[in-house]
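Below is one structure, written out as structure tokens, with a few remarks after it.
Chain naming follows the written order as A, B and C, and within any one chain the residues start at number 1.
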């Protein structure tokens, strides 16, 4: 099944509009090209809506959030909703500043997101704000581990139900949850946290998977997480002596470039909960 | 002849001011250093004019166009004209939004560009707007191929004559045209389209070639296209097993770093039309 | 001693807030991760103060300076001062435009910087503005060489005394000076000047060293300069045939990733003046 998801990205080559931070934007563009999609970046409010309308999906990332760009996020998001295009929110740093937390919540109110993808702390910051999962802050430990997994899965499903979005929580163990079922994914490598942008890149690539697989967004999101994690494993295995995180970043994108459907199907390590 | 063009860049080491997008800006800086030039990026209207005046050339790129930056493009462009420095326009995404198309046309009216460099669609968007080549949109196929080459060359010459700029159209076959003669270039590799920024990098490097070779801008622009294409071929031949587009990007810049005049002279694959 | 400085960065993993340019920002994030720190970038005035308050150090870099960002630099800098966090100024391009020179001087007046790190021309531009070292412009040659070293060291100490900041001047020979003593450092490789961002990356990494070693900022700054220079040497020695500046950039960050305390201690090449 994941095989087909990947192959749809390569055959349809969706154009993805990213309104994203300037730290990892080049890597997001290159991973979109690596997976078979096509990138365009545009964050000026005057053109964001128009650019979104010619794309297949929209990726909104609030890293290096900037007051000037927020209206672009809002108009582009609403336009994508009107067009029926998938929209992903990556709430980078939600919880770290009021501006980010409030902006992410404002976006959630104004836009129907197909997927919200972040780490557990970011997702918890958003969920707490929505008023329904106040207690989760105390209950779900910051890192998703085997001991806290069941609780984290329940939290993700509940927040999915309440937000009407797929919730993708990535970390040592990844969770991709709809209201009733969740993928628990054990691909990836710890070195992915030693480069900047592995989360941002996943969000960009996931938007391409969503755009190319409109019939099964939950499966598409999970396939993207498995693909990224598997490539994180491959990249690590390919590191030569003396190579560190800069080379790892390149080898990760390179692995995405070469990943094929059969390898993904075989290497994807997940269970349903 | 191209040999001398390259060597002039290395010996004169021109300082190039780029007002460019934030997706590929780091790669543009590194390719300028690789070819022998020196980069400075500055897009704040308050300083753009002053920075341009200490540089040898100006590269204006409208990817991730931003309302705040347009005045910087205008004042820097006019200043470069006053100083007699070459100015290049890279109309990234012209045709994809009104803001980009209108801004590119506004820049064309206000500034004398030495070169306009883009893909065929971007160049057509600009030419159509100028009112003289309306029919070209239908006539010139989006990709320049052997069958459409003659038409595309005629279009490029006509637009050059009308805009008083050298027109550089890059793609599978590249055209660098003045009003009366054109270089048709067959260097390059398809993998150049699988990384972000190969066009932006070429524009930055071409500006250095223009600045170092003021007596022959047409030849300088063509030499830069050949140099980039040749390095695209070299980079591909140097890819190791498992390497994809991220490594290709590095190997492309590396190839520019090592390219010498004799290799360029020998490897340049062009004809005059 | 430098060994301990490096190991403190790895064990404390300080979170560093960078308000920096968009050319080299991704490399700054990756080198912070490589050395053992953790990066966050935020330049919106509304959140800069809040982000700084959760970090261990602040790195202000005026490359691609932008009118909108200056208030963020000011409020974040003042907040870091209140919190007792180290603050570093990298005056990229001071002297190249009035906006940059004036902004850097304004920051110096409003904020107590732990370190000011730049090349000799940038530092001279700042010092001249402060009114005490007017003659230095003529006396100190632009490059610090053996013949001008003594003068440059005296200048650095004097400017340190007057600015109440550690002065780090990097170039072929590096100087890290307090009011009374200075490290003269001879690590590094000329190829570091053939990539964009080696200075920006050093500033980011140095901020992590300062944050992790609050008891000895002068030693921490010198250790960071030695670490970067040593990694510049290692990176050069690891270049394979055909590799140029793009690969060098990766190998430099990779070398930082693998550098350990013993290697730094042994490879650091400095004297006190």
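Here, contacts are C-beta pairs under 8 Å (C-beta built on N, C-alpha and C of every residue); 3 or more make two chains touch, one makes a residue touch a chain.
Small disclaimer: the values here were computed from a predicted structure and weren't measured.
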item	value
Pairwise touch network: line, ring, star, complete, or other	complete
Angle, in degrees to the nearest 5, of the Cα rotation that carries subunit A onto subunit C	120
Length of the line joining the C-alpha centres of subunit B and subunit C, rounded to whole Å	34
Set of subunit C residues in contact with two or more other chains	22, 26, 68, 249-250
Subunit C-touching residues of subunit A, taken from the complex the two chains share	21-24, 26-27, 63-68, 93, 96-100, 194-197, 242-247, 249-250
Subunit B residues touching subunit C - in the complex, by the definition given at the top	22, 25-26, 29-30, 33-34, 39-47, 50-51, 54, 68, 238, 249-258
